[in-house]
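The chains carry the letters A, B, C and D, assigned in the order they are written, with residues numbered from 1 in each.
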Amino acid sequence: MRRKDFLQEPVKHIKISGKLCVNQLIQQFHNAGSFGAGRLSDACDAYERMLRDKECTVFLALAGAMVPAGMRSLIADLIREKLIDVVVSTGANMVHDAIEALGGHHYKGLWAVDDYLLYRYHIYRIYDVFVPEEDFTRLDYKLVEIFDEIASEYAGKTLSSKEFAWELGKRLDDPNSILRAAYETKTPLFLPAVRDSEFGFIHWIHASRENCKAPLMVDAFKDVPEIVEICKRSPKNGMVVIGGGVPRNTVQSAALASKKGMDYGVIITMDRPETGGLSGSTLTETVSWGKVKGTADKVMVFADAMIIFPIMVASVIERLGDGFRRKPYLKREKLEAIGGA
Amino acid sequence: MRRKDFLQEPVKHIKISGKLCVNQLIQQFHNAGSFGAGRLSDACDAYERMLRDKECTVFLALAGAMVPAGMRSLIADLIREKLIDVVVSTGANMVHDAIEALGGHHYKGLWAVDDYLLYRYHIYRIYDVFVPEEDFTRLDYKLVEIFDEIASEYAGKTLSSKEFAWELGKRLDDPNSILRAAYETKTPLFLPAVRDSEFGFIHWIHASRENCKAPLMVDAFKDVPEIVEICKRSPKNGMVVIGGGVPRNTVQSAALASKKGMDYGVIITMDRPETGGLSGSTLTETVSWGKVKGTADKVMVFADAMIIFPIMVASVIERLGDGFRRKPYLKREKLEAIGGA
Amino acid sequence: MRRKDFLQEPVKHIKISGKLCVNQLIQQFHNAGSFGAGRLSDACDAYERMLRDKECTVFLALAGAMVPAGMRSLIADLIREKLIDVVVSTGANMVHDAIEALGGHHYKGLWAVDDYLLYRYHIYRIYDVFVPEEDFTRLDYKLVEIFDEIASEYAGKTLSSKEFAWELGKRLDDPNSILRAAYETKTPLFLPAVRDSEFGFIHWIHASRENCKAPLMVDAFKDVPEIVEICKRSPKNGMVVIGGGVPRNTVQSAALASKKGMDYGVIITMDRPETGGLSGSTLTETVSWGKVKGTADKVMVFADAMIIFPIMVASVIERLGDGFRRKPYLKREKLEAIGGA
Amino acid sequence: MRRKDFLQEPVKHIKISGKLCVNQLIQQFHNAGSFGAGRLSDACDAYERMLRDKECTVFLALAGAMVPAGMRSLIADLIREKLIDVVVSTGANMVHDAIEALGGHHYKGLWAVDDYLLYRYHIYRIYDVFVPEEDFTRLDYKLVEIFDEIASEYAGKTLSSKEFAWELGKRLDDPNSILRAAYETKTPLFLPAVRDSEFGFIHWIHASRENCKAPLMVDAFKDVPEIVEICKRSPKNGMVVIGGGVPRNTVQSAALASKKGMDYGVIITMDRPETGGLSGSTLTETVSWGKVKGTADKVMVFADAMIIFPIMVASVIERLGDGFRRKPYLKREKLEAIGGA
C-alpha cells in the first residue's frame, strides 16, 4: 500500500441538531468511522447485508441475561419477522421467557441493595432486575406438569434440546414469548447447555416424584448433526453473537464442523481477548480455525449488548423499510425436516 | 423497605418497528430500565435536568481521543448553544482541534495495520484514526508564531491555561473549532495538563529559538482559584465526564475545594473501580470526599463514549425541543470577570 | 460503627529485598490490604480455610482455555492431592486434556499473527497458543474408537457427563491428565455442556458411521441429582471459580437446589457486573438467590486466572506445609455411591 | 514462515510443590508462555534487560493510587537502589507520599461501605483505602509553610515541577518517602499535572493568605526540555508504565520529541485499546509515532498493577542477586546539570 492509500477519507465530525432517527446517528458514526462508533456502524452494515443476502442463513447466539433485562419481545419479533433464522441460547434466557409467559414478571430494581435483605424477602437479583421467588415456583409447578406431558408423548424416545424448546413453546400461550415464536414459526432454537438452568432443577423435581412414569430424556448430543446440516445446506451463513460462552461456541463449531465457515459475523461483547477465553477471542482468531472465513464481513463491538443490540436492530429495520419481507433461503419446512431426520 | 416496595415496576420489553428517533429508543431503555440501557437513560435524564435547572453550571470533562475521532463539531456546538458552561480537557484534544483549524485532517484508518510501515510513512495512528506528520508539522510552525505573538502581548506576565486556550482560539479562524467557540463565547476552557501534549513540544521549540524574545509563561497553578470560584458562585453544579484522568479529577477537585459538591454527575467510562484509580472510581466513592453530594442525581455508564455521548446529546436535544434557549446562571461576562480577577 | 472503627489498621507498605517466596509476597499483600492485592490475599485465605475446614467439600469450576495454556498438571495434581473434591468444567478443557494424553501438544505461539496463514497451515490459534490440526484429528480417530467401546459397554443405558468423563479417563494412560486423575481418584468431574466441544463433533462422526452399532447416549440431565446430593451431604461447601459461564452457574445452582448455599467462594474473573451476565455478577448478588451464604467467606479477584490461580495455589500449598494431608469429608467411595444411585 | 516454525516450543504445564520463590513461578510462566502469565514473564525479562543494559535509562511512569495502596516504600527503594532513573508521576501520588511523611496514614478499609457516613465522619475513600481528613489538613498547614519557604528562596524565579518535587523532598524527613528519596539521590521526579491534586488547593490557600509575600510560581512548561534531553543523552531508553494517563504520555512524548524512541517498554494496565484513549493504546500503536521503536523489547500486561508490579520487581531482584549494583549510564550529577541548564 502506498502512503496516500492510508489518507483517503477524512473523519467527518458528528453534528446533532433537532430530532435524529437512530439510523441517521449511525450514518454519522459511519462518517466519523472511529473507535466504537465506527465498529457499531460496521456491525449495522454487516447485519443488513446478511439480511439482504438471499443465500444467507442468520444465526443468533444469545448469552447474558438478555431476557430478564427487556429483550424478550424484540427477539420474539425478530423470529416472527424472519430476521433471524436460528437461535442458540443459554437455558436461563428461556427459563426467564417461560416465567413471563406463565404470568411472572421481572422488576426494575437496584444494583446497590442489601442482598441479604432480598434473600430474606425471597427476591432474586440479576444486577438491577428483581425476580420474586414465587414466579420461579409457579414456573416449577407448571413445568413439572408440562414435563410429564412431554415425557408421555415421547415415551422412551429422546428429545433434542430443540425439540424440548419447541415442546415448551407449544404449551406457552403468549405471543411475546421467544419459545412460542420459535415453535410457531418452526425456527430452530437450540439450548446446548439446557441442564445448566432452572430446567435442570425442574427435571430433577419431575424425575424424583413418586408418580413419575418416565423422566424426560434429553439427549445431550442429538442436536449436533442438525445444526451442522443447517450450515451445510446454506450457501452462506452469518452470525450475530450477544456475549460469548456456549451459544457463541456452538454456532462457531457448527460453521467449523460443516466446513463452511461463517460469511458474516457480528459479536457484541465486553470480554477481552488477552485472557485466552473463547468469549473474548477476536474474529481473526476464529479465522485460523475456519469457523469464520478470512474474507468474511465481520466486526466485534466492545459494549453492553443491552444498549447496542436494540440500536443495531433499530438502525437496520429503518434501512430495510416498511415494505421489506425477507424470504430465508432455508424454508422453515426444510429446517424442520432436518430436525426430523 | 417492605418486600412489595421492591416489586413495583415490571420491566417493559423493548419493541422496535419502523423508524425510531433516538429519544424514543432511550424512552424504551427507560421502560426496560436494566443494565447499561437503564444507566444510559438515567444519564440522559440527569443531563436534561442539569440543563433545565436554572441554577446549575454544567462542566464537561474531556479525556480520551474524542476530537480525533469526530466529536469536535459536537462539542463546539454544545459550547455555542450554551449546553455546556465550562470545559476541562486534556491538552491533546485541543492540539487535534487546532490541527483541523489549521487545515489538517484526521483520516478513517484501521487498527490492524503494520505500525512500522506507518512509522516509515510518517503517519501517526490513534486506534483506527490516522494523522499525517505534515499536519503536526504545519501546526508546529504556525503555533510557534502564535506563541511569539502571545508572549509579546503578555510580556512578562504569566498566563493561566484558560487564557492560553482563549489566546489560541482568538487566532484560529474556524467556526467548528472548540478553542474558537470557547474564545468567542467566553466559555472557560481549562487545560490543567497543557504541557503534556504537542503544546509542550511547541513551547520547547519556541523557547529555544535563537530569536525568541520571551518564552510563553504558563503558570501551572493560576487556574485553580478561578475554577473553584465558578463552583462557589453557582448555586448548583453538574458534571458530564468523558473518560477519567486529569479532566475528571480537576472538575471534582473544584467541587471539593469550593465545599459545594456536585449536584449532578454523569460519567461515561470503560474503567473499572477495582484497581483503585480515580478514573474508574464510583460516584459513591466521590461522595465520601464531598466531591459529589450524597443526594446528587448521578450515574455512571460503562461504555465507549464515542457511542454513548452523541446518543445522550441527541436524546436530550430532542427532549429540549427547537424552541429551547438555555440561559446559564453564570453569565459569560461574569465568568470572564472571575478569570480576570 | 464509630469513626475510629474505620481507622484501625494502617496500610503497611510493601518491601522487597532478596529472594521472596510466593507466600511471603502474599503476606505483604495482606498487610497492604489494598485493591487487587488485598483481594488476592483474601482469596488465598479463603481457599486455605476451605481446605482446613474438615466439613467442607471444595468445588472447582473451570472455564476459559486453562488447559491449553498450561494448567493441566496443576489441576491434575490438585485432584490427586485431594485439594479439590469436585470439578465442573467446560467440555473444551477436557478435549484439550485428551489431546495431550494422546500425544498431542499445545505450542507457545503469538497473538499477532496472520490467522489466514495459520488457517492454510491447519494450525488453530487460542490467543497465543497454537494447536496443529493433526492433534485434533488424532483425537477424533482415537475417541471414535473409545466411544464405540463405551457405547457397547453401556448398551442401551444412558451416561451422565460424569460417567462419560470417567470412561474417557479410564482409557487415557497419562498421569498428568485431568480426566485420568479424576477417574483414578473417583473425583466427580461434571461436563454440563459436554456437547459444546469437539466431543460433539466426535459423537456425530461416531454416530453416523456405517458400522456404528449404537451411538453413545449422554443424558443431559442425569448429573443434576448427583451434584445437588453432594452439596446436601456436605456440612459445608466451598467453590473456587475460574472464569464464569456454565461451570460457575452449575456449581452455584447446585448450592441453590440443595438449599445449602456456599460457605466459601473464590472467583477469579475479568468479567464485570454491569452488563448483567452471570459471569461477572458479584458474590453479593449470589447471596440474594441463596447460592452463596450472606455470612460466607467470599472474594472476587478481577484478574487473569492464568496468573492468579497458580499464585493462589502456590501460596496455599506453602502455608499447608509438607506434612499436610487433607481428608475430604465426603470419602471418594461415598461420592461414587451417589453417582451410582 | 514455514509451518513447522509455528510449532517449535510445546507449552510446559505448570507444576507446584513445596515452597516456590516468586521467580521460580515466573520461570514456570515463561515455560507455559501463555496468556497473561506469558506476558508477565516477558515483562520481567524486559525489565531485567533494561537494568542490565549499561546504556539504558529507565523511566517509571506512575498513575493510579499506587501510594495510598502500599507501593510507597517499594518505589522509594527502587529509586535508592538505582533500579529506576527517572520518575514521572501524578500529583496525587506525591500528595499521599507527603501525607505519610508528615505522620499521616492510609488505612485498610472496605469498598462496600456507606460513603455518606464516611463523608459525615470526614474520612475519604480510595476504593478500599481510607484517609482521615485531618491527615490532609495537617498536610495543608505544613505545606503552606513549606510553600512560603520555597517561594522566598526562589523569589521571582519560576520552578519546574521537578524542582518543586525536590524542594518538597528536601523538607520531608522520612527515608521511606519517594519525594525524599528522589531529592537525596537527585533522581528527576516530574509532575506534569502537579496542579491537578491537593497541591493545587494548597497553592491557592498559600497564595490567597494575607501575609503571602509571593506565590510559588511553577512554570507548566519548564520541565519539557529537561526530560527530552535525558532521552537524547541516553544511548537507550526504557519505560515501566503503571496505568496510563499523563505520566505515560509524558514519558512517551519525551521519547518522541528526542527522536530516540524507547528501546524497552513494559506497560501494566487494565485499560483496553478499543475506545481510542492513550491509556489503553497498544505498544504497536506507539511505534507508528516513533515513541517506541519497532524493534523494542516491549510487552503490555493487562492486570492490576498492585499485584503485578511487586511480583515483577520481586522476580527481577531475585534474578539480579545480592551482589548486583547498577551503575546508571547517566550519572545523577549529570542529570542534575541538565535540570540546572
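A few points about this structure:
Keep this in mind: contacts are C-beta pairs under 8 Å (C-beta built on N, C-alpha and C of every residue); 3 or more make two chains touch, one makes a residue touch a chain.
Not measured: the values here are computed from a predicted model.
The chains that touch chain A as well as chain B are C, D.
When chain centres are defined as mean Cα coordinates, C lies farthest from chain B. Here the spacing of chain A and chain D, counted between their Cα centres, is 45 Å.
Put simply, the C-alpha centre of chain A and that of chain C have 26 angstrom between them. As a whole-number value, the distance joining the C-alpha centres of chain C and chain D reads 37 Å. In chain A, the residues that touch at least two other chains are 34-36, 65, 68-69, 118, 123, 127-129, 272, 274-276, 284, 302, 304, 306.
Those residues of chain B whose C-beta lies close enough to touch chain D in the complex are 63-65, 68-69, 92, 111, 115-116, 118-119, 123-129, 158, 161, 192-197, 199-201, 203-204, 207-208, 215-221, 223-225, 228, 243-246, 249-250, 253, 256-257, 270-281, 284-285, 287-290, 294, 304-306. Against chain D, the residues of chain A that register as touching in their complex are 34-36, 39, 272, 274-276, 302. Those residues of chain D lying in contact with chain C across their complex are 1, 3, 6-23, 25, 28-29, 31-38, 40, 65, 68-74, 77, 105-109, 112, 117-118, 121-123, 127-130, 132, 176, 284, 302-304, 306-308, 310-311, 313-314, 317-318, 322.
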